[in-house]
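One structure, pasted below without further comment.
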Amino acid sequence: MISARLGLYGSLLVAAVPLALTIAVGLLSLLPADSALHVPGYVVTLLGKYLAYALLALSVDLVWGYVGILSLGHGAFFALGGYAMGMYLMRQIGTRGVYGDPVLPDFMVFLNWQELPWYWYGFDHFAFAALMIVLVPGALAFVFGYLAFRSRVSGVYLSIITQALTFALMLAFFRNDMGFGGNNGLTDFKDLLGANLQAGSTKAGLLIATGAFLSFFFLVCRHLTQSRFGKVLIAIRDAESRTRFLGYRVERYKLLVFTFSAMMAGIGGALYVPQIGIINPSEFEPANSIEAVIWVAVGGRGTLVGSMVGAVIVNFAKTVLTGTFPEIWLFVLGGLFIFVTLFMPRGIVGLFTGLRTWRSQPAKVRKQLTGRALEAGE
Amino acid sequence: MRRWVSGLLLLCAILPALAGGRLARADEIDDAIAGFAGNFAEVEQAIGALAATDDAVAPKILEALADGRLRIGPDHSLYIEDAKGALVEARTGAAADPPGKLKPVKVNNRVRRAVEAAMGQLTLLSPDPGQRMNAADTLFRSPDPGRLPALEQALAEETDARVKALLEQARAAILLMVPETPDADKIAAVETLAARGDQAARVLLGTAAEKSSGEIAAAANAALKSIDRELAFWSGVQSVYYGLSLGSVLLLAAIGLAITFGVMGVINMAHGEMVMLGAYTTFVVQDLIRNAAPGLFDYSLLIALPLAFLVAGAAGVAIERGIIRFLYGRPLETLLATFGLSLVLQQAVRSVFGPSNREVGNPSWMSGAVDVGGLVLTYNRLWIIVFSMMVFALLILLLRKTALGLQMRAVTQNRRMAASMGIRTDAVDSLTFGLGSGVAGVAGVALSQIENVSPNLGQSYIIDSFMVVVFGGVGNLWGTLVGAVSLGIANKLLEPVAGAVLGKIAVLILLVLFIQRRPRGLFPIKGRAVET
Amino acid sequence: MLMLERIGLRYGAAAVLKGVSLEAEIGKITCLLGRNGVGKTSLLRAIVGHHPIADGKIIWQAKDIGGLKPFERARLGIAYVPQGREIFPLLTVQENLETGFAVLPRGQRRVPAEIFDLFPVLATMLRRRGGDLSGGQQQQLALARALVMRPKLLLLDEPTEGIQPSIIKNIGRVISLISRSGDMTILLVEQYFDFARELADRIAVMDRGEIVLQGAASSLDSAEIRRRITV
Amino acid sequence: MNAAPVATIGGTPESMQPLLYLDGISVSFDGFKALNGLSLVLDPGEMRAVIGPNGAGKTTMMDVITGKTRPDSGKAMFREADLTQLDEAEIAALGIGRKFQKPTVFEMHSVFDNLLLALKADRRPSRVLFASTRAIERERADGILEMVRLTGMRGRMAGELSHGQKQWLEIGILLAQEPELLLVDEPAAGMTDAETEQTTELLRRINETRSVIVVEHDMTFVRALAVKVTVLHEGSVLAEGSLEHVSNDPRVIEVYLGR
Amino acid sequence: AEETIKVGILHSLSGTMAISETTLKDVMLMLIDEQNKKGGLLGKKLEAVVVDPASDWPLFAEKAKQLLEVDKVAAVFGCWTSVSRKSVLPVFEQNNGILFYPVQYEGEESSRNVFYTGAAPNQQAIPAVDYLMNEEGVERWVLEGTDYVYPRTTNKILEAYLKAKGVAAEDIMINYTPFGFSDWQTEVAAIKKFGSAGKKTAVVSTINGDANVPFYKELGNQGIKATDIPVVAFSVGEEELAGLDTAPLVGHLAAWNYFMSADTPENAEFIAKWHAFIKNEKRVTNDPMEAHYIGFNMWVKAVEAAGTTETDAVIDSMVGVAVPNLSGGYSAMLPNHHITKPVLIGEIQGDGQFNTVWETSGLVPGDEWSDYLEGSKDLISDWRAPLSCGNFNAATGKCMGTVTQ
């Protein structure tokens, strides 16, 4: 809706922002440290993290904002993408691990693993890992979605089983026997495609890559949602059964979007891991997925732009607040969430772009714009 | 043979001691006491020696030692600190003026065990049947052939049937150990133990079967088999009971949510914090009681219950008035607001009460366990089961049988139309949310008995609670009950097989698969009513 | 007596009612006619308080109720049969009827037997969930539910929609009966002209948010009315 | 019960294959039989009015035909297709369209988009993804808007329509689908007499090329349609024939029309 | 403003770990305060920079970066869980910062930039098992732990150790539960059953954090007394016991390097200062607090010795620094960046304190690479020049891939 108003050029402009921003920041970070325009590495990593989260938020908005699937488990796809990347990075360490084992990652050596489990095969090749980054989350989403949408699980039931899914994955990845490093996860990465991860240029490159992916996926999502296809999605969101009676195979639409969105989240995770330097099972925590939903709500659900803005703003606020008000930042952040809900029903983006049109909306429609009624009455 | 003799001696020694206390030779006691200055091994020896003196002061000293109230001076003289902190000379009981710096006599488990054994020996003929029972139990668990005469003597005099049974089991245990026992007696002993039928008996029988041959071994093996069957049966029952108990905890945690979420449709992420408020109310109540009226401690939970309901309920009403009511018709946004709220509440509690766990004690009627058949039922769990069922029954009555219940459901199904029927929707909304929160608070009182009372308490239950409500079918209180109990039982049946972690994963996966089969939970509301 | 004075109502920027004035007398049936989308439903929603009015006054029993909450209006004896039924889908028929008790003093909280004479089908379906009923049955339930409140002012928005002919006839009879025998004020929105004509004491015709024709039923010309409500 | 071969009741030549064939359909909800051995045959190109008391099972019958409700027993064929084996979308794709008793439209889409979504087209996700709206589609949608007199509301959100307007929009959606068989549940409800007449007109016109089953309680409307009438009662057929014929049936008067 | 030396404090103040870590932040503030009262360091005042990584591991890395790059702190005191340490490790190495890590951990790590002031496995687990074996005559063992790296490693080491001591495989039961586990009925019943086989049985608990309270409550209620089956824990200290009624738990054990009950003047002074600082007489002290006390004093000494807060200089002068610990001895920084510590075994008392029932006669040096694990028994760590290697393989004579770089 909002991006609808943006029009094609507006959207291109929006899409250009992450790319331009990351190129600028990336290049400036390469300037010598004493230069006035130098951007410290700290900022590069932070921005990279925000944008990776923005990609996750975008993927959540696609399924929640446009198809009405409130996924409380999207963090799982993000984490799986992250693990796929992490496994590749692990294998790149080679003999530089603390035990110097050429094949086994450190955590396997010290827990007496004798050989590399089969599911680690292939991860020494980047192409394979890249494939897995989209394939693993995609396949999981496909199987899960196939089952759920076929039997028409919807609403909170779907939300809660997505949550159960990520919770189960979290417990599984916590297990040391799974061969993914247990609680400590995968860490100690050295290099990516031969480039030293600690080097400024690699960081800048990763940042720019993140920006590029974000821009690209924003455009793809925009097309998905603005086209006839997008109209079908919204129809499904608002009146699923009616859409069926028009002859649309609702479950296929849902499955397609859900799977695509999971792949997007997976890519987000894969970009996140090398910049953060660790992936561990807490990424599967249900609270993380809920947070992603909250970024979207704060930014403005069903607007695409809003989801990205929300992710960046909330995380930026978190960065600032945990540093400056370590004792009370939860009050501020929690308060922010309440404030946004009460006073900015369409999120931050809604505040800027939609104010005029918003006011002119009839109350009932306004309500519907901000959330579908659970109850029969409203 | 020496043991027998010493046993007899002991017996002779104890009898007069109980009859009024014999005065041991002073040097005997001095020798014994000197050991208390040494290391744990020496203390252990000293205990034995002291008990052997049979002096009337021995039990007093031993008791003080077990309680950590025994002090020793540089000259190895012993002092007992009484409850008020005053010192008395251990041997005379006279008020003391210690000669130098006193040191506590150190105890460890080894010492405690020695004291227990010695006390057992000193209390086999105690007038208090409870003490005799303990003594008999101690004997059973560490059967000592040397004690047989004392045991038989006690057995002859015993009148209490339960103590008698225990004594007989102890006797059987000893008889089985002693090679000289005639075969017939041994077989009788096997039978006695077989009748006891628990793990401890099984161990004794196991050794007996290994060590002996022929008839006795056969009898022991048969007894072993029957015990194994019985134990397997009871362990199955026990697992189900554990499941029931876990289920009742889940039910308690979820039942408030079944109202705020199930009935009202508010995705209440702050539900766990309401539970937490209830738990902290319990803490505050207990803290006040501890400081002001320690005698009331056993009633602390009864006092805390209504208070927790009020505190959490009031918080619920405030939340409804302040936030939720602006969000009716936007249920998904309640997720965002209540998530924010839960952060705020957690941090608030952290600021007020500190981040660490707070101590909430079990009143005496919720401590310990009772054996029923082969089951060990811990009182706190038992009460929680009873309590959760009571809360459930009350809520069902309230929702189904009262006008308020009807209005609650009407309001959430169609707020506008309910208002036009003359229902005070805002009051009903506040009451409903307050009720759900209040019930969560009450749950907090119960959970404080088995859980950490910390700012994170709520967090640990929120996911499970949602799962229970959804699994049972949103809006169906019976579903919540059955959902909670079946999740609990499934968990506890899987746990011994797969381990806690895999068991939990399996339950989650089963849940996901189950929802595929029944997309609206266990007890879905079917028909047109939900489709439109 | 219900008096509407220059009611204005808007949905966002769109003004849907523009100065509607209308009176409904006690013991009389006032019938409001008009094409689709002219604002009939909106007017009733204004009276019961489902939508705030922008202008004007709603006077009921000599009191301005424009500022009251919906439930307060219901407690003043106003009952509403909305368009689209709006029964409580998950409550049983019995419970749906009992929601009307909220406005009654304790002693009067029962469902009058006449209701089941009028809608016999409801009596056989007391345990069934409201949402499971057929469309027409739901409409009957909505009517019955309003009657349980023993209202003084009954607002009916196309009450015959989806109801089978024999029952419509009954409803007609009952409506005129209760209005004439008692002190009930009835405001009826109808599209079904013959039905309205037969019942109405007064008729008002609406177009584009305004009353364009109004008067005693006997004094108005059928053809004129028909012309006003056709495109 | 009513399981006798029904094909003859309509007087159709045996050789002609019926378009819709319901035989012995029963549906029960918690023991209550909403349909009880219902049989009905509709020929290609036929328009049929279905009447009957509230709760007779008319809407349930449509639910069965459109796949919303699975019958407990009985046969439901649309040409060669067994409707009981298909889901809603597949049935819709066969060419069965429906207007619901309670108007249901896409409230968050504009009136125009509602029609656009309904226009007959390939509905597979892969196709829809790359479909662009062609001029001819716009024209058709606008034509339908004209027909249901909602041109003035073209850009408004469907959620903002009044009850009657939604009824019209839903009829428009049905038209846009160009189905072979239209199931129309109470199209005249909430319409003025004049509008009802227009609806009659519209249905007649549609019936020139398509088959229609229409449910309505408005006898004037049914009379104006002048087609064969089936009276349902308690889940099965009570009477069938011209309106004249059935409205003189004392049982129909008793349970439905009243005196 | 006058120039200050900044000290970073990286402990979670919110989220699941706040329960343990908040105290450590407070103790650091106290220590810094004390130091400033003494006139600061190198003539400058110390300034604490507190951040909240919120029990969120990526946030730990981010905050560490902020401390080092933006605030430019001279040293950081922080982390509790292993994963938080793993998460910040690359940050410290890349930015060449200094981290003091105060918690007992699984070992198998050595970094030039990290000083491990908590216990390595050999400073806690093995002495505890020895005690139970010798003093209590334990023959059967339950290794009960939370499923993560520390218990896994510790149990692996213990299993190897026990077997070497002749304990049969069927006399060892190992069980893991998830984080925050709260329903212990089944597990406690299993322990009870395992312990009723006629041999003296003990439980070695590596149960973590919040799971402990319900575990001990269940133990108490099911009537498992310390005299029957003692439980020795490595993660339960005074702070954890503060949330419990300890009366039913008297006699269960814990192994640490410090107990609040230590009867030394240093400890009395420390407790007094702590109570004054936190303004609450009831607050307890515990082992990680002591570790920070030691670490902080070592850092102060090293900075004074180096005459600068410059990282490389401080790191070089750290090794060999010895400061008094609170149990009445001197702890020294070893070349492997671990410290020497006494090992104490304490029994829980009714008042929530520990009664030391045994202690090592001397100090035990922390061993980062366990001698009981296949992969690491040949490794040693020595950060002094010229070796300067965290994982030198004594068998091959090579410095393996290093953590630094």
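In order of appearance the chains are A, B, C, D and E, and numbering begins at 1 in each one.
Everything below uses one rule, namely that a residue touches a chain if its C-beta (ideal position, glycine included) is under 8 Å from a C-beta of that chain, and two chains touch if they have at least 3 such contacts.
All figures in this text were calculated on a predicted structure; none of them were measured in a lab.
Taking the mean of all protein C-alpha atoms as the reference point, the chain centroid lying nearest to it belongs to A. Comparing chain pairs A-B and C-D by the number of C-beta pairs in contact, the larger count belongs to A-B.
Inter-chain centre distance (chain A to chain C, centres taken as mean C-alpha positions): 52 Å. Mean C-alpha positions place chain A and chain D at a centre distance of 45 Å. Averaged C-alpha coordinates put the centre of chain A at 35 Å from the centre of chain E. Per-chain Cα centroids separate chain C from chain E by 75 Å. Residue positions 29, 102, 160 of chain D are each in touch with at least two other chains. Of all residues in chain A, those touching 2 or more other chains are 171, 174-175, 241, 327, 330, 362, 364, 376-377, listed in ascending order. Residue positions of chain E touching 2 or more other chains, listed in rising order: 13-14, 147, 178. On the chain A side of its complex with chain E, the touching residues are 40-42, 45-46, 49, 93-101, 106-107, 109-112, 171, 174-176, 182-185, 187-190, 198, 276-278, 280, 282, 318-319, 322-323, 326-327, 329-330. By the touch criterion stated above, chain A contacts chain B in their complex at residues 70, 144, 147-148, 150-154, 156-157, 160-161, 163-165, 167-168, 171-172, 174-175, 241, 286-287, 290, 293-294, 297-298, 301, 327-328, 330-331, 333-338, 340-342, 345, 367, 370-378.
Interface residues of chain B, counted against chain C in their complex, comprise 403, 406-407, 409-410, 413-414, 416-426, 475, 525, 527-530, 532.
Those residues of chain D whose C-beta lies close enough to touch chain A in the complex are 66, 68, 87-90, 92-93, 97-98, 104-109, 113, 116-118, 123-125, 128-133, 157, 159-160, 173, 177. Taken together, the chain B residues at the contact with chain A in this complex read 265, 267, 269, 323, 326-337, 339-344, 346-348, 351, 412-418, 459, 463, 466-467, 470, 474, 501-502, 504-505, 508-509, 511-513, 515-517, 519-521, 529-532.
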